[in-house]
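Listed below are the structures to be examined.
Both complexes shown next keep subunit A, but they swap its partner, so subunit B is in the first and subunit C is in the second.
After this line comes the complex of A and B, so read on.
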């Protein structure tokens, strides 16, 4: 790979609040948004997250990766003149004129505790830990709520059918934002159900990749011990240099 | 009958000799989990008869138990959504324009067909449901929910008899119906008091038909969750009457009836120590056996009361050939 110097700078740049240092004189388009009922005039090309910061909020919760990966920034909003409450990720969604919004930093949802090594690889694992899955009425409300555009209803249905492979495929991009569970009339915690299913599939269903097996053997033989020790002893500066110069290995 | 009329059930038999008939098929959750012996045996049987049951590429729970309240449409969302999937399947060219949707579980059959009947009778309900499911295409009311037994009956005993390699000679079979295939009578597939639709099929397999009035007595249904002993008592009545009439086994098409009649024999034995267990089979398992389709299709290993000793004692199957699947 070519020129990667400055990568650390670019990473920290991209996760910094984008509104820092904006000169309002330069902003041509403005919109009104309503954060928890109070109106703010903000530049039209901001995301919900940066618009909130522009408006003066300092986000301690409801903000993590700023890249659409962590699921911390669940937001409920309504467009002006619409009756519908919609949901989105604040870091991935642009503000619109007249938008009313609030963030849901955390869903205090039930997460079962289990030991996958002692669970049966069958539908019964869902009825045991999340018996409410059987209550799904196929209303599809969860799918409409999902900011990742997943077919949430279908993955819940895969759980009911004991189709672990299908569930894994359908729920793989879930970032556990919690929005589906908040809207479900059947009180199902979809994302935790899916996590249980993916764990079971990982352990019992998916084929063991040959390259992983070989790598584990190498690790156990101590092939990487020395390199690891070197990294553990390196200074922050050295680490940054190494990171920027690193090459991504193929997934093969 | 003309050969191009392949949409009629009666044409299935003719088509089977030349080209396979493809029919959209709705399995339901139970057939994918605890009633694999119904699904596997039915799919294999259908194939042997020249019918390919093509599973809907996308489906959800049937809704289980129809809502009868006037203002509860929410519980019709699941069944009607499944009917939309048949339209989608046709739009994708996967179902040859076939509007019949074949079911195997009689509970799924009952739920889907009753919701279908409701929205056909009450267009305003269909409009509300279509409006609610605004992300889906509208359901147009065109799907016919049928049960596999109807396909078999239309095919006819003669056609079924032609496939028999191992006749079930000397095996007394009591067909059991329960409620969901027959009631309410507007959606039932046979006379709710005196059903006979399994008779010709069982006789075509060479079995001795043991008809008895307990065939329509309720198995206890979901009461099995609340009070297993009450259900065991109901099952006890049904099973002992079949036995007294000369049955060696009973047949059903319902995973819930099967659970109550088969698995609840554990509780029956506790209360009635002199009770002699009796195998309860899906009719399609007997068909697969008679067609010589092999143990993978019959899945007798999933029945609670193992039917294999009975079937071998009748000389219908060789014990060694069927003894284990574990090997």
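After this line comes the complex of A and C, so read on.
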């Protein structure tokens, strides 16, 4: 099937700037960005994160998953000529000409201590651990700050109403980046409130399926021991045969 | 190059092929290519980066001398230590604990929690992490976690699917533990308050995964790892178990007769070292995607640099199946800002199809990952049916709009918010248009060999999670890895806690490091390479060329 060594080289050549750092000679379009006030000329198709690296920063804070899931790379920026502060995830946002930015690698918020097994499944769990939640002034600043575009204020309101299902639904995609809390005038730590609420819902509002409990009991009774003993002791040839003969569950 | 014109996120020239895909969707709705036979699989695997010629070399030394591993892994296993120990007073410990967990992904966090549950006082546990507690592969798992808990399904079916997918190289005793513990892990997560996708009647929603013969995938939208991990992390915080962040372990210590007794940590921000003594060490440092093996982009987090393999093998731990690497079939190939990022297999589980430039479905969408990835590579580079992006990458389409066609409008909104959001950030609506994909470096199949309790051949050393090897053989199935981290994190935590009860603190030395350096010299490995790597290097070449160190 052709020259596979050559093929691997062609593949790796096509992604070189992504895997080893950008080489200036490959770049055609440039923009100016201002990292904590200092201007850098960077390739136009980088993200804020890769642009900082291009500029020479070795990231230790503000960089985790690099893919929009961990919330490490919270960034505040302002576009040239505008007064508004925008928020973004550095790993998910393309640089723009004239962008002025700073990263917020950490928000000094405390998480409460609780034992989920002994908490009451009611609003009181929030007033007990995060009493400040009642101080929400419904300013919606948190919603505007959320890089996941969540209705943050709405989930805070759900918490205040003791609506655990609503809170779970509305806050589920929260990556705990901290941007809402940093901007909240009432000093509410929205993402911690949501974390507590979702766990309460998971434990009390969305019970464990009966088929899971039944299966655990079957395993404990040893129902599958014989089959597993046989498979664990089987030769590769036997396994190959069994694997080839194994029928797929019907899709219906 | 002139500026390209973009329409709905794609350059105009790519639109032509998109229109073909959109036009042929109706025809493909009820057509799924047949799964490959064993012979067809064997044939297509020839273009897999693991089997294509080159790329590997045999280790010159260490517990696995003679075994072939990918070049970048060999480079790290045959490298000098970051410190030789002379500059450090190992005898004086900054901290002494019973259980030190190195690496705080799902595996490490589960291990710490279960050690605590098994009677180790919280202040006798320490979790150390290279970056934040949460900068890890675990938090990015999208698709799901396997557990055979439906009546049709069974642990033995799960066993057979996994060992077949793993090319029969899986270690049977650990694989058995994986499938037998899976429902218990789901139960544990339920008790801790994780929220899984459920049907109206309260049963789990369970989906297909590549290489499974039953629907067995438990998910939390496409944020499965995020939900599992943040629940464990919240529990960890709520209990007040101590942790250190931005403090990677850069070397283990041993007592001079082979037992692991602690580690040296390095504060990435201040440059200080710390010596921690521990009766046992659980290594849960995850995988090696950031080595960019064969030049592939990766789905992995910033710190996935194989540190655990380096530390463990220097201490004498044996690796297995370290020659195989998992390339996920569907990494993003466009736009350039997200190249290599993961498009979860759950998309194909829900009906999305790989489609070539001409709008043809060319492969059964749910082959085991190595087979599926190979067939995408073949379509792009052998059959030349791919699409080339403005930055020079090739890919094929993943026909995502088909998901809503098959499951009803709104399904993508509900089940794939992360994917939809990622594309929307770059002006692409994956509900209307297909997305371009190419395989991406995803997972370390092999690693440190263990028994079913996560114990290694080195006294005092346990491992859990992606750093371990054996359970997945030579190719892991989707959903078996998040499961693996918690099954073996839990088992390691429990078994380490038992060991602590009878173990005393040991002396801390670098004898294993000294003798490793001697073997390097004797083997004639002439190099200035140093390991562990800790972080990959992505700084711009122009900036690097002008850096000086004066302060």
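Here, the second predicted complex is superposed on the first by the 189 of 252 C-alpha atoms of A that agree within 3 Å, B and C clash if a C-alpha of one lies under 4 Å from a C-alpha of the other, contacts with A are read in each partner's own complex, and residues count from 1 in each chain.
Throughout what follows, contacts are C-beta pairs under 8 Å (C-beta built on N, C-alpha and C of every residue); 3 or more make two chains touch, one makes a residue touch a chain.
The shown structure was predicted, so the numbers you read here are calculated from the model rather than taken from an experiment.
*Asks:* Return first, second, both or neither, reflecting whether A:162 touches subunit B, subunit C, both chains, or no partner chain.
*Replies:* A:162 contacts subunit B only, not subunit C.
*Asks:* For A:30, select first, second, both or neither according to whether it touches subunit B, subunit C, the two together, or no partner.
*Replies:* Touch partners of A:30: none, neither subunit B nor subunit C.
*Asks:* For A:246, select first, second, both or neither according to whether it touches subunit B, subunit C, the two together, or no partner.
*Replies:* second
*Asks:* Return first, second, both or neither, reflecting whether A:112 touches subunit B, subunit C, both chains, or no partner chain.
*Replies:* So A:112 only meets subunit C here.
*Asks:* Which partner does A:202 contact after superposing on A: first (subunit B), second (subunit C), both, neither?
*Replies:* In the superposition, A:202 contacts subunit C only.
*Asks:* Have a look and say if subunit B or subunit C is in touch with more residues of subunit A.
*Replies:* Partner touching more subunit A residues in the overlay: C.
*Asks:* So in the complex, the part of subunit A that touches subunit B is made up of which residues?
*Replies:* Listed in rising order, the residues of subunit A that touch subunit B are 122-123, 136-140, 143-144, 153-154, 157, 160-163, 185.
*Asks:* Of all residues in subunit B, which touch subunit A in the complex?
*Replies:* Residues 29, 32-34, 58-61, 63, 74-75, 77-78, 81, 132-133, 135.
*Asks:* Show which residues of subunit C lie in contact with subunit A when the two form their complex.
*Replies:* 1, 38, 43, 46-47, 49, 52-55, 131-132, 134-137, 139-140, 147-157, 159-161, 163-164, 168, 172-173, 175-176, 179-180, 183-184, 186-187, 190-196, 198, 202-204, 213-215, 220-221, 223, 225-227, 230-231, 234-235, 237-240, 246, 268-269, 292, 294-297, 299, 301-303, 335-342, 377-378, 381-382, 391-394, 417-418, 421-422, 425-426, 535, 537-544, 547
*Asks:* In their complex, what parts of subunit A are in touch with subunit C?
*Replies:* Its residues touching subunit C are 1-2, 4-5, 7-16, 18-24, 28, 45-47, 50, 53-61, 63-72, 92-94, 111-117, 148-149, 168, 172-173, 175-176, 195-196, 198-203, 206-216, 219, 224, 227-228, 231-233, 236, 239-240, 242-244, 246-249.
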